[in-house]
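Dropping the structures in below, format is structure tokens.
Common to both upcoming complexes is subunit A, partnered first by subunit B, then by subunit C.
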Partner chain A sequence: MRRLFGYEERSAALFLAPVMAVLMGVAVFPILYSLYLSFFRIKLTRPNRTPFVWFDNYTDLFTNDLFWVSVARTVTFSVVSVSAIAVIALLVALLLNQDFRGRRILSTILLVPWAIPYVANALMWKWIYDSGYGALNGILYQMDFIDKYMIWLGDQEKTIFLIANAFVWKEVPLATILLLVSLKSIPSDLYQAARVDGASVWQRFVHVTLPAMKPGFMLVMIYETMMAIRHFDLFFILTEGGPGDASHVLSWHIYVETFRNLSFGSGAAMSYVLALVTFALSYTFIRTLGRKV
Partner chain B sequence: MSDKTLTQPGGIDYRRRQRLARLAQTLVILAGAIVLTIYVLAPVTWLVSSSFQTEAEIVSVPPHWIPDEPTLQNFEAIFSATEEEEITYETRSGQDPASGGFIPSTAKNLLPAMWNSFLVATLVVILNLLVGVPAAYALAKIRFWGRDASVYFILITRVIPDIALVVPFFLVIKNLGMLDTIGSLVLTYLAVTVPFSVFILVQYFEGLPDELDKAARVDGCSRFQALVRVFLPLSLPSLVAVVLFTFLTSWNEFLLALMFTQTEASQTLPIVLAAFTSDFTISFSFINAAGVLAIVPPVIVAVIFERYIVSGLTAGAVKG
Partner chain C sequence: MARIRFENVEKKYANGFHAVKDLNLDIQDKEFLVLLGPSGCGKSTTLNMIAGLEEVSDGRLMFDDMLVNYTPPHKRDVAMVFQSYALYPHKTVYDNIAFGLQMRKAPRDEIDRRVRDAAQKLEIAHLLDRRPSQLSGGQRQRVALGRAMVREPSVFLMDEPLSNLDAALRISMRAEIKELHQAMQTTFVYVTHDQAEALTLADRIVVMRDGVVQQVGSPDDIYERPQNTFVASFLGNPPINYIDGTIEVTDSSTARFVRGDLALTLTEATARKLADCNGREVRLGIRAEDVDETAQGGEGSVIRGKVNSVLPVGSDQFLGFDFYGEELFFRVGKDLSHRLGDDVALSVDLNRLHVFDKDSGKTLIW
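And now, the complex of A and B:
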């Protein structure tokens, strides 16, 4: 018992008390409350009748076609964005890992998309994609790729990719910084040794650089997937889930169900599904990070 | 040895080869740098350029990449928007709604919204430091039973998606009568910022030698005194990183603000901006000016504090 509640434990408890209280209040309690809510049929339009329905909200969910559409859209969006982020960030990280004049300025410039608020980013891309006066139409028209202005975001086939592009632009800086860390941690004697053994630039890249970057890559992939599957802001401002259901992702579905249809029970059930998926994904994330703390 | 002896016919000219390789490398780096700069800056430049255009110019096809006659009218409209300018049906229809030129009545909300954003962000920063610093010190410097469990607990709270918190938050805040208050935002933003702050700080504190702690304790400091007198002054860079991240996260947050705010009493900048984008009567140049206004403060902060941000990002995310 002395070991359990020694001086160290008591002072640590004192120091940790505020953070634990805050996290209990703003994270643990809400997520448990959400689970509780998901067993009720709660319509704000009918505040006095909130019957307990067991798992009905969940079974309704899994038999709802629009839910599965939203899952499919979320998967498309996440796969496209995360692979694009990984490739672009790798190229940028390799570039910034070189020693050249202006490297510092370049890495400062790279922080610009990271700092921009998502809403402003959405506003900017909405204007770029604008069907009447946007830059995308303008530049393609001037370069003769198109002979008339296109309604980019109104095209069911292209919408999700255009939104993904806006997401990628904003997320590349963070991914790059994370990848640069693992690039910088490669000891230079590894390259020397490879060079002595007669490895070409490409061979050194494939056999030394890439394996050493694996942990960094894992981290970027998991982190960006977590960000992508929960992303909301761009969908809200660029398309509101449209046209049709072309960009009706899960987070948008939750928003519509909860705040437009005012069914909080099923909204809670859906957010719970999303939270569980994120947890499953982030298990590796937590393991990777937890080990290093 | 002269060059000639090296360039025997049929032999390999190593020096020439090396020079070519170096040249190729320089060219690749140069090309990469140019492509990257354009990729990052072109969209922003376009936004800034169109915020300086008049309504007549902004609707030209193809677009004017550089404004012919740059104007500050859009920014003036934001900064001089006052309560008196009532937008009535008549004054509104006096302008051609198709081509815009319309400054919305909500323009006057922009500056109060910036103030709200600033206030919320500042409060969130202060609370983060108050709860984060002691926690990080305990996790980094005290060897106690339950340390690993605490670390995992904080990590888990970090990966809860914000959208999963929205529904319970909304009902709780509604029941507390805190809808449309700044307090609701401060409270809920703690959920998205505190875990990250703690990890930035833990990372930094762990880098400081344990001997400092021991020395302070031998000199008669309590744990608390050791933290305040010895560690805090040394951990300034990580404190700066925490302030920056927390501030920017709060400044940029949209989803929770969208749910909890209704009027200018608590609406933050992203909310007012988002409202502009869905109003088709507002002139494009005005929306763009508002967008530029939202971009400028965080970008300036990021550029000035680049070093702290990069180290903070890597500490908070990579080494966790």
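And now, the complex of A and C:
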């Protein structure tokens, strides 16, 4: 008799079973369960009335003004941070690809922000931006750029950019490494050929370096976009969405809806929207940037 | 028009490695010069100095009496074909070939004409829209050639351009490169470690070792009159055989080479060169093909030994030959049937013997 699965497959399945069970419990089940929840009106303040409402949680979203505000804030935050990350990481990667004394030390220092957990990074920047004791105030004051201490995060115009700045600082190292890998993989004789062909430094960059970096760039854009539109820690620790709704991004909106308004059904629905948007964006990136490398 | 002259040129890399030592070389206009040598001997370094990709550490590099030590590559009017081809992976074949002209701001229609012309000659006209990744090795090779050709440079540099091709293609491309040289009427400097390539292509060969030029000469010179054991060993397949022994001079025009019961009578011309070498320890070189299995030369030219191995190679066979504990290899006709352990007598072509100093390896006769 021929079995569908041989001995090896069956023992492999056996060994994998515990991990699979854990994954089912902590990943697959919550994902499906929150999808299930998103079809009910669940408010913990009224625990006994949880009617099934079909897609009402989803349709309600789009008529909620604050939801649209949060979308706008998220877009601003993501566009600003991702473009800054891409440009800065590119410049740093190009720098680190040169041969100079102290390159190793510099690369090691560069990795520090990467090693810091998101929450610790947020707390650090909270202190840097602090209106009374913050390093930013201290430095700018001593250098005579400001004549009194500023409440940086209290400024509606600046908040989102200051948070983006903290996010960029944390994300640049990884992006740099991803770009550096693609830089290092460019064969040096391509540059030699371009030199013999008469290409200037800038033309060599445009015709040899940039095209070769496209895959690395794509990876950075996808990954950082996903990180940016879902980012929560900085908003939670630095501003709680304020002042006013100046930093009221989508992830913060979901948090407020779920854990402050205790409205689990609509919170779950929003999470699904965010997940779908993230997915759609990555897909678009791959399609547009990935066309012929 | 380009004549290239190295005057006492040295190349030291940043890490202190001395890659080229006191290079003096005069490359004639329209010459096909081949740099030949084992891996790491400094061939590419020399070529890159001509291209301007590596700086000259010391000495003078001249193009037609103009010092070019500090001239950047694009001002030298050179084109180069790289071993890896170095095609721009994201550009089409057309743009790869056109790139050098575009960078030089040649008029569009001129570029188009030259690219299509080169593609026609290289039989890659149907591939112009492809990318390098969609080409076979041989096709990439042609694109790399095309890229250099359209520039119509005064010096054409090639760094082992055929080494990534299979054997059959390599031989047919050799012929094409030779034709290309004839058609282009420019100076070619060609790097290879393949002796057959060097012998077929070159007007002159430069043999290098550890950054030092060993010999410069026509393929004939290099093969027939090697200046030292290194050059002698580097060319020839199977490699030249060496027998250590002594010179016995009888008078100014007769001499013998003696080793055990082997005694070879040297030609008069050779004997004259060795007139004051009586009793000298030398190393005799016999090329594998310079023997005749009929032993008709008679005494004074016969070498005897036991057959150790027989390696048929199609057209003929290699005979491994035990001689005082050393393995000699000779190339003999294929109709000769020898079995392992047979005693054989071969007669040596006395006109083609090479005699080297045993210690320095330098020739004593050419």
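Just so we're on the same page, the second predicted complex is superposed on the first by the 257 of 293 C-alpha atoms of A that agree within 3 Å, B and C clash if a C-alpha of one lies under 4 Å from a C-alpha of the other, contacts with A are read in each partner's own complex, and residues count from 1 in each chain.
In the analysis below, contacts are C-beta pairs under 8 Å (C-beta built on N, C-alpha and C of every residue); 3 or more make two chains touch, one makes a residue touch a chain.
Small disclaimer: the values here were computed from a predicted structure and weren't measured.
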{"item": "Subunit B versus subunit C as contact partner of A:146, first or second or both or neither", "value": "neither"}
{"item": "Touched partner set for A:190, first subunit B, second subunit C, both or neither", "value": "second"}
{"item": "Contacts of A:87 with subunit B and subunit C, given as first, second, both or neither", "value": "neither"}
{"item": "First, second, both or neither for A:199, with subunit B first and subunit C second", "value": "second"}
{"item": "Partner chain in contact with A:236 - subunit B first, subunit C second, else both or neither", "value": "first"}
{"item": "Subunit A residues touched - subunit C or subunit B, whichever exceeds", "value": "B"}
{"item": "Which superposed partner A:208 touches (first subunit B, second subunit C, both, neither)", "value": "second"}
{"item": "On subunit A, positions contacted by subunit B and by subunit C", "value": "292-293"}
{"item": "Residues of subunit B touching subunit A in the complex", "value": "25-26, 29, 32-33, 36-37, 39-41, 43-44, 46-47, 50, 58-63, 65, 127, 130-132, 134-135, 137-139, 142-148, 150-157, 159-172, 187-188, 190-191, 194-195, 198-199, 202, 223, 227, 248, 251-252, 254-255, 258-259, 269-270, 273-274, 276-278, 284, 287-288, 290-291, 294-295, 298-299, 301-303, 306, 309-310, 313-314, 317-320"}
{"item": "Subunit A residues touching subunit B - in the complex, by the definition given at the top", "value": "3-4, 6, 8-9, 11-16, 18-20, 22-23, 25-31, 33-34, 37, 91-92, 95, 98, 100, 102, 106-120, 122-128, 130, 132-135, 137-138, 141-142, 149, 169, 174, 177-178, 181-182, 216, 219, 223, 226, 229-230, 232-233, 236-237, 251, 254-255, 258-259, 264, 267-268, 271-272, 274-275, 278-279, 282, 285-286, 288-290, 292-293"}
{"item": "Subunit C contact footprint on subunit A (complex, rising order)", "value": "187, 189-190, 192-199, 203, 207-208, 211-212, 214, 292-293"}
{"item": "Subunit A partner contacts - residues on subunit C that touch it in the complex", "value": "48, 51-53, 72-74, 78-80, 82-84, 86-91, 99-100, 103-104, 147, 151"}
